[in-house]
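Pasting the structures in now, so scroll down.
Okay, so chain A shows up in both of these, paired with chain B first and chain C after.
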Partner chain A sequence: MMSEPSRKSGISQAIRWFDPRGRDIGTIAFILNRITALGLTFYLFLHLIVLGQLAQGAEAYDGFLATIRSPIYIFGELLVIAAGLYHGLNGIRVGLTSFGIAVPQQKKLFYWLLAIAVLGSLIFGIRMFTA
Partner chain B sequence: MIQSTSGPKTGETFWLWFLKIITGLFIILLLLIHFVVNHFVAEGGLLTYADVVAYYRIPIIPIMEIAFLIIVVSHALIGLRSIILDLRPSRQTLTAINWLFVVIGIVSVVYGIWLIQVIVAKGSA
Partner chain C sequence: MSTTKTKWNVNFKVYRKKGQNPSHYDQFTLEVDPDEYVLDAIERIWAFHDRSLTFRHACHHSTCGACGMLVNGVEKLSCITYIRDVVEDGGTLVIDPMRNFPVVSDLVVDMSLFFDRLEMVGQRQVVPVSDETIGDGKKAQSPTNGKEYLRLSDCIECGLCISACPIAATNPDYLGPAILAGAQQNGLDRKPELLQIVDQENGLWRCHSVYECTAVCPSNVDPAWRIMDLRRQVTAQRLKRLFR
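And now, the complex of A and B:
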């Protein structure tokens, strides 16, 4: 099953993995995909735990909603939106190229999806902080 | 150059990899629906406890949310596992992680269904 060449420690490999120096654009796309994945997974479980407040009744939940209306939480939500936009759009690109579709155009696709993700996050950010 | 294609990696079967792609696609679709329904169908958005209870009285919503939950949790855990595979876990570690993730997945889904059922029960009481 698993081949085991040069088994470096997991930790040093994990750190090397986040180092963007000397990487090409495809690797940067991949690293961003992973970082957003970790962030979104963290948010998913946080979301599930926090929604448990719903079982405590109206007072608990509405109190919780009042708490998360402060700017720091709104900023956190914006990070979730930005990560979701990037991860979803990049996922479409990875899915397409995995099946051999648009392989030669994938660099161009990456720049486009990055632009859409940044622009989309800006629009969401403006709306969230001015609403 | 960007690597030309991506695919299953060592320790990840074809079907698990395929499931990750398919659930990813479903998440995009369901997330769009989730957003539209949460913000536009429920007038002004789900901003209070009463809004949420009323929202879950729509018959299709609990089913949609449960499906969404199962798909998101699956995608997250398969994805997390593929990140762990890059750290070259030993076979025993990987087996432990497989079981741990199966348990986390089942607990999350059961918990989510329980929570939805609580909200639905409040709405019909």
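And now, the complex of A and C:
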């Protein structure tokens, strides 16, 4: 008869998802994927709240637009772009390797996608802060 | 004249747990040869310091897979892990039992479910050389004299891949890397009944491509590659069925 699996607290175990100590590059990719996913989900809700400003009339919306032109908000938008770039590119990496394509090259793929994401974020950052 | 110090003082911090008592660490300072293996030091702790320390070991040459444990938080076969590779003179080595298995006593974990699952997928101990793939899918070299040669399977059933897998940590029902690798080694063409076992909620689609299983595997099984290859096999089978 097959024995039963042991069950530990889900939260204490899930924290391990975010612990990179002693782990390989695959875990770094996994952690970044999780963090960017959470960040993008949070942004989606924030975006819906912002759109809700439209319902309060033109003045409220214009006032809100004036607020988000401050550097701290622009930096926040840059983080969204960086997260989107990383998450999307890593999605392609995971999609390819999940079906046996370039599995032995998965580390190289990660380094390339990270380089593209960093470069893309830099370009966006320069344009956003100098516009 | 060489001034290399031949003996190191290393502080071993060893995980202890007996029965329902809370766990704790015991510390032992040992004079060790840095070219000894971690398992040698653990055996000395047992022999000369504390006979109640429990741990699994047998072959001392990475064949039995019994001595898997965490060495400074990383899954290692302690019988082939040089002390000099994981600590410095005067440093501390933290020894823990493997993760994702219930602790029976100290460094001993209950691997019965793991072995049951390996049996469920018909994990082969010995495979024909012509059937075997090595590492990232390269075929093992077959002799050309027409004879069928056998080789021992690469997987030594140490469980390190399960311990390193973050998905096994949060989902105890997930079959896990070694089991899925065992299914891949059999192949769906050879054992079509495996499809139902691996193509389910807690089977091969649960893997999140973290590749830690392959990173810690001491035996070139490359479980991550095998899981991905198994996905390819399952997808091919499903597509074939669509057009039948």
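Note that in this section the second predicted complex is superposed on the first by the 127 of 131 C-alpha atoms of A that agree within 3 Å, B and C clash if a C-alpha of one lies under 4 Å from a C-alpha of the other, contacts with A are read in each partner's own complex, and residues count from 1 in each chain.
Methods note: a contact is a pair of C-beta atoms (placed from the backbone, for glycine too) under 8 Å apart; a residue touches a chain by one contact, two chains touch by 3 or more.
The structure displayed is predicted, hence computed values, not measured ones.
Trainee: Quick check for you: in the superposed arrangement, does A:16 touch first (chain B), second (chain C), both or neither?
Mentor: second
Trainee: Quick one: is A:54 in contact with chain B, with chain C, with both, or with neither? Answer first, second, both or neither.
Mentor: It touches chain B, and chain C stays clear.
Trainee: Can A:46 be said to touch chain B (first), chain C (second), both, or neither?
Mentor: A:46: touches no partner chain.
Trainee: Quick check for you: in the superposed arrangement, does A:38 touch first (chain B), second (chain C), both or neither?
Mentor: In the superposed model, A:38 contacts chain B only, not chain C.
Trainee: Output check: A:94 vs chain B and chain C. Expected answer is one of first, second, both, neither. What do you get?
Mentor: It touches chain B and chain C both.
Trainee: Quick check for you: in the superposed arrangement, does A:68 touch first (chain B), second (chain C), both or neither?
Mentor: So A:68 meets neither chain B nor chain C here.
Trainee: For A:119, select first, second, both or neither according to whether it touches chain B, chain C, the two together, or no partner.
Mentor: neither
Trainee: Figure out whether A:84 sits in contact with chain B (first) or chain C (second), or with both, or with neither.
Mentor: Touch status of A:84: first partner only.
Trainee: In the overlay, work out which of chain B or chain C sits against more residues of chain A.
Mentor: Looking at chain B versus chain C, the one contacting more residues of chain A is B.
Trainee: Where on chain A do chain B and chain C both make contact?
Mentor: On chain A, the overlap between the chain B and chain C contacts is residues 2-4, 7, 10, 13-14, 17, 24-26, 29, 94, 97-98, 100, 103, 106.
Trainee: If you look only at chain C, which of its residues touch chain A in the complex?
Mentor: 72-74, 99, 101-102, 110, 112-113, 116-117, 120, 136-137, 164, 166, 169-170, 172-173, 208-212, 215, 224-225, 228-229, 231-232, 235
Trainee: Can you tell me which positions in chain A touch chain C when the two form their complex?
Mentor: Chain A reaches chain C through residues 2-7, 10, 13-14, 16-17, 21-27, 29-30, 94, 97-100, 103-104, 106.
Trainee: Residues of chain A touching chain B in their complex?
Mentor: 1-4, 7-8, 10, 13-14, 17, 24-26, 29, 34, 37-38, 40-41, 44-45, 48, 51-52, 54-55, 57-58, 61-62, 65, 84, 88, 91-92, 94-95, 97-98, 100, 103, 106-107, 110
Trainee: Can you check the complex and tell me which residues of chain B touch chain A?
Mentor: Within the complex, chain B touches chain A at residues 1-7, 10-11, 21, 24-25, 27-28, 31, 47-50, 52, 72-73, 76, 79-80, 83, 86-89, 91, 94, 108, 111-112, 115, 118-119.
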